Amino acid sequence: MTIDHDNRFKIFWEFFIGILATVVAIEFPLRIVLGYEIMEFHAYMNAIITLCFGLDIYLGFNTNTQLQGKWVTDKRIIAQKYYRKWFLIDLLAFIPFDWILCIWSSNPTSYALLRSIRMIKVFKMFNYRKTWMHILSFNDSIIRLGVFLYFIMLITHWFSCGWLYIRSDEDEILGINDYILSLYWCVTTLTTIGYGDITPDKTKISQVLYTMIVQVLGAGTYGYIIGNIASVLASLNIAKAHFIERIGKINTFMKAQDFPITLQRKVNDYYSYLWETRHGDDDVNMISNLPESFRLDFAYHLNKGVLEKVPVLKDADETIIQDLALRLHPHVFVHGDTIFSEGEKGHKMYFIQQGTVEILQKEHGRVAILSNGDFFGEISLLLDTNRNATVRALDYCDLYSLDKKSFDGVVSQYPEFEK
Amino acid sequence: MTIDHDNRFKIFWEFFIGILATVVAIEFPLRIVLGYEIMEFHAYMNAIITLCFGLDIYLGFNTNTQLQGKWVTDKRIIAQKYYRKWFLIDLLAFIPFDWILCIWSSNPTSYALLRSIRMIKVFKMFNYRKTWMHILSFNDSIIRLGVFLYFIMLITHWFSCGWLYIRSDEDEILGINDYILSLYWCVTTLTTIGYGDITPDKTKISQVLYTMIVQVLGAGTYGYIIGNIASVLASLNIAKAHFIERIGKINTFMKAQDFPITLQRKVNDYYSYLWETRHGDDDVNMISNLPESFRLDFAYHLNKGVLEKVPVLKDADETIIQDLALRLHPHVFVHGDTIFSEGEKGHKMYFIQQGTVEILQKEHGRVAILSNGDFFGEISLLLDTNRNATVRALDYCDLYSLDKKSFDGVVSQYPEFEK
Amino acid sequence: MTIDHDNRFKIFWEFFIGILATVVAIEFPLRIVLGYEIMEFHAYMNAIITLCFGLDIYLGFNTNTQLQGKWVTDKRIIAQKYYRKWFLIDLLAFIPFDWILCIWSSNPTSYALLRSIRMIKVFKMFNYRKTWMHILSFNDSIIRLGVFLYFIMLITHWFSCGWLYIRSDEDEILGINDYILSLYWCVTTLTTIGYGDITPDKTKISQVLYTMIVQVLGAGTYGYIIGNIASVLASLNIAKAHFIERIGKINTFMKAQDFPITLQRKVNDYYSYLWETRHGDDDVNMISNLPESFRLDFAYHLNKGVLEKVPVLKDADETIIQDLALRLHPHVFVHGDTIFSEGEKGHKMYFIQQGTVEILQKEHGRVAILSNGDFFGEISLLLDTNRNATVRALDYCDLYSLDKKSFDGVVSQYPEFEK
Amino acid sequence: MTIDHDNRFKIFWEFFIGILATVVAIEFPLRIVLGYEIMEFHAYMNAIITLCFGLDIYLGFNTNTQLQGKWVTDKRIIAQKYYRKWFLIDLLAFIPFDWILCIWSSNPTSYALLRSIRMIKVFKMFNYRKTWMHILSFNDSIIRLGVFLYFIMLITHWFSCGWLYIRSDEDEILGINDYILSLYWCVTTLTTIGYGDITPDKTKISQVLYTMIVQVLGAGTYGYIIGNIASVLASLNIAKAHFIERIGKINTFMKAQDFPITLQRKVNDYYSYLWETRHGDDDVNMISNLPESFRLDFAYHLNKGVLEKVPVLKDADETIIQDLALRLHPHVFVHGDTIFSEGEKGHKMYFIQQGTVEILQKEHGRVAILSNGDFFGEISLLLDTNRNATVRALDYCDLYSLDKKSFDGVVSQYPEFEK
């Protein structure tokens, strides 16, 4: 039995391991550089980390994985994919080099590099990206920026520890204040501000070389951040930007052609409405871009509410409603627009999704007011008569229309429905 | 009775409150840091601010608000939206903590944070953005950049005050010069120039930490500005850029193919004309992108001037003119172009919006010159004859054409017009 | 009589005035700051400048100007446009404040600002941009960047002079070395490097404030440059970038689908050919985007060379060739492609613009080899027979085809040609 | 006989010359600045370099070159192109100025500039770009960035040597430590960090001027890098970005319309599948954008595997398979989709490229399971009957369909196949 990819415990576990790996990545280099003792606390901590990282390996072999869009539960395939991707990193992070060194060597502090191998676990953060994107339903570029900022912080920390290590004399005892000054130097350099109040000792080549590395990498990452923030911000509201550009163009045009102010206002209000109710997305457009397989599902979910209110369809088969749903066409009418006029040839029936319309007859004036969930013009689907009333929008109206041809096409397929 | 969103007083009031909030945001932290006395002047100022901010809350409950593109006047709905959005901020800015502290405490200066809560009002600037965009008819990205620069200035001010606060000893008396030096440090850091002539005292961790915060935030905002200026500049003349790109492409092509210089000039002059008269926008294109509801209105406003000059249409019904307007098709002709030739079959009538044409007949040579507001070829709409003259453009000509089919379609709908 | 906009002298004059204005913009502030004497040389120089700037005003009233794409020679309209745009600047630059001050005042050096008004002439550079774009046929964005760099240099110079002015004591005598150090400070600050080896005297608020202004403006312009260089570089080879992207996509696709190497090479070579011969532009595409008026001209110039080689068209009227030119359709064939096969129905005649083809007959094998300027398949335009040979490309072949329907359409319009 | 452009030796030689030129570009200026002796080692090195650069000229005259997409082997044309492009640089790099100076002058070190001419060879790197792009099949923008970083490194090195040269006194003996400090200064400046711990001696104008040059160029290149890294990163995953944007849009839409979670998951899984199997590229789309000449080749290579498994086509002519291949149409079906239903009119035959389907009959239930390489519905191509079974996808299925009309069209052209 394997763990499902959507399992709550799995998500929590990933979060927990992420925090643990972060703690390791921060605490280990600090411990090595500041050189404080391996106290009892550290022994316990090491034990917990080793245990959790071991458990993580076990879970890695038992969690569903996605292959070509399908979720695989076959343990053999899971193991294969795990071996190829994360097993080595998980294993290296699991091995408690600290303890092994304690047994083998009398002076474990000198094996700094070997002991810091454990920090490698932090790179599994890249793996968790996908899960979090799913859970938090964030934009992918925000997550990417987040992961990037996370690693910038870690790298700043590591650079600071390195600077402390290279700067300090052998027998100096360093405290947290030294670390903060080191971090200060690192931040000043990475942001390219470079006060120059802390600089490498020119007589020690190692310090000069180290500074150069930090500067070059710092300038690179800084450039990367700038480029990224700009592009993330751009991608966040690309839909709105397109929308605003369109309105801007229309407004420029209307001004250039001296359109009356009332018309300009009307157009602007209309676009505000369009944005607030559907974010510039167009139902029809959206559905037509989908693969065939999903079009029916989408149309059904969008339109079934509208259709189910029609009495004659209440007891109809679901497949009929699905078929009709795919054939509905959305319209938006503005206050005052005439939807159809008395005496016209009618070919369409309308469903009101949202808004209010009035039914007018030349002889009787306003006959009725219809609103959300109502429908009108249904006679034209059955008989070939002229419209017997005028319908006018009293409000912004989201209507769906169904034309005679589509209706006849659907009905002819379901002979039992024709009664 | 509620205040209309386009009310002049409301716009003035927003402007006034904006200035007041800015003054508060600048003066309050300065007063706290420099520690000057709460004199009579401040008492009066506080009273005025409290009064105005109170009035602003009252107005917030009584101003029309936009919901899904519709302007709402129902006070209940206005209040609901106001509670959800700005009420808390307005309330916090309204409460005169200064006075309350004066009553409760003997040493009010120590409650720096509590007193500076009032500055929160400055965030209402975001709310005014929309109004100003409407009034000043600026591009949205310019406004965004403006708001951003405004907050950059405020943040620089706040950072400077903070630096002064952290740097100064308890009993030092600070003057405006100290503030300017502090501002200087802040600007030097935020622009990432970092002279390093003023740096934190390394023995005081608070100063080092504060510097790091300013550096990190400074580098971030700086990157953001760079990205933003570039994109605002790009968006400002996107239409022109497209236009220039098109001309550039044509020029490259003409050069590569060794076109005669005179033709190259002619093409370039034509595009200059196109740009200066219609900014690369195309009437037909613009209208076809509009929702159905507005197409008629747009076409009518664009073309009615042209149509009303036709004698036979002078007394015609407005609906006929509207219908015809929607069917006009714009053309541009260059000096020397033949619009139609004698003897051709004619299907279109032309209206001259701007420019000059000459009417030529094989037998008589130039018969007439027509210009702005004139029309020609009207016989072809009524009779099925050949053109009895050649028409040639003497100039850049903006013409509208109306073809027989459209005309007949419109006329047939209005039997009384057929006389 | 007015000066034509393409007049050589006018272009030279603009260039000369540009240099003069630059000299003024550089020399005037230096003279004021370094305080060197107004020697005889300066008197002569002033006289020349005044003379030339005066002449420039005269020419401004007598040079053709472009209005709505048309070149205007009417002096009244020219003067109107000149008054509205450049007259004030030209006038201010013309007035020799130096001399006037010499007469009025005993200590002319103190009126620094008044004397430097002349530098305003440098802004006419913006006006020359269009001429230079025309002459040098540079990309507009390169010119924009050039103008921008020019002003960056001037601003750096002005900032340096200002720094020298603010820094220096009253009675200090400054030399060119002081200017260079000032320039050094300015460059260090504007590039945001900020060594901090030259910083404002903290006791003099004017220096601190001046430094802040330079820093803020410097950071802004720097950001602008970065954004601009990037976008100019992007726009320079946008055509190539699109082309490379397309090839990249096809290559990825071919690799993913394991296409044979020889086919991959063939495709890549084909695209190299396409790029080198027509820079990714497509004749047909280019022409179809043009306004109607130019389509005929373009097609004629592109194709007449091909058509004039056909014997039967040699004596044909130019209008026939024009009409046929518009109906030619370009094709590219790769080595080995069969253009048509023996026995097929033929509807098209082909003209070889560039390349070699072989004519094969089943019975006789290779019958002929045709190359640049030749044509084949002409029988199919006249008679309704099957192809009597196979034609195969031996090389990359740029062919134009003319189909029977187009040919018949053209011929029917010219009855005298049908003989 | 000339060397082929794809010759292995040629690629290796270019790589070798590239390394040699890099060594020269690094070692020569160092030798001049640090002033170490021309030992025996250098004599040998010089000899090798002269030899190799000479050989490179010889090879330049004997390597195929590409002209208008065709590979030219004619030595005269190769030489012509070589003279115009690289001959001068190769020649200058070939001449051993060192030896000539040794003979002519007693103090060769003073001719620094003349001796460093050899470094010019490094610019041939630009020429190798194309080869490497071909070999490593990297994205063009990565290569461009690589070449750019390479030159940034060289320029940093050259700037450092220049700084050392300008800074040092005549008779000072410089070591590698001095070079490292010089490099440190250069990196600090180019990254715009500017500590200011090493600054020019203000009394020496040459140092001040040199610093300014480095600063200005440094700021420019830095801006260029930032712009470039951002655009390279963007171009690298433009396909993925488009894909993610599309999914993002659909997800937003589904959430806004309250679609059931299971449908949302299904849609997301489907898009994962689409991405992993075909990277968002669409076969049909890809082929329709190709020039006619390649469409047949592409379609054949994509589909022949599918077609050759059909028994009746096994012995068919290759041209038939090619013709059929061009007419196949790809489909993707999701688990549970019905491909066709029993009793429907059938017009298409299906080939399974990947996936599993089940054949169901109303009377017998599941009749068969078909998978990769199988096909079904073939009867509908031959007879005009209704489907005798329902086919449902059990999995993601990549199918190709062939409809009756296409099949008939192909078959009618090959009468011998109709048996």
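For clarity, chains are labelled A, B, C and D in written order, and residue numbers in each chain start from 1.
We take it that contacts are C-beta pairs under 8 Å (C-beta built on N, C-alpha and C of every residue); 3 or more make two chains touch, one makes a residue touch a chain.
Remember, it's a predicted structure, so these values are computed and weren't measured experimentally.
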Could you run down the chains that neighbour chain A and chain D together? B, C
From the listed A-C, C-D or B-D, the one duplicating A-D with over half its contact pairs the same is C-D
Homomeric contact chain C-chain D: same or different residue positions, threshold half: different
Euclidean distance of C-alpha centroids - chain B vs chain D, Å: 42
Compute the distance, rounded to whole Å, between the mean C-alpha positions of chain A and chain B. 30
Multi-chain contact sites of chain B, meaning residues that touch two or more partners: 192-196, 226-227, 230-231
Considering only which chains touch which, how would you classify the arrangement: line, ring, star, complete or other? complete
What part of chain B is in contact with chain A in the complex they form? 66-71, 137, 139-140, 189, 192-196, 199-200, 202, 205, 208-209, 211-212, 215-216, 218-220, 223-224, 226-228, 230-231, 235, 238-239, 278-279, 281, 286, 289-294, 297-298, 301-302
In their shared complex, chain D is touched by residues of chain C numbered 177, 180-181, 183-184, 187-188, 191-197, 222, 225-227, 229-230, 233-234, 244-246, 248-253, 255-257, 259-260, 263, 266-267, 269-277, 331-334, 337, 395-396
Spell out the part of chain D that touches chain B in their complex, as residue ranges. 192, 194-196
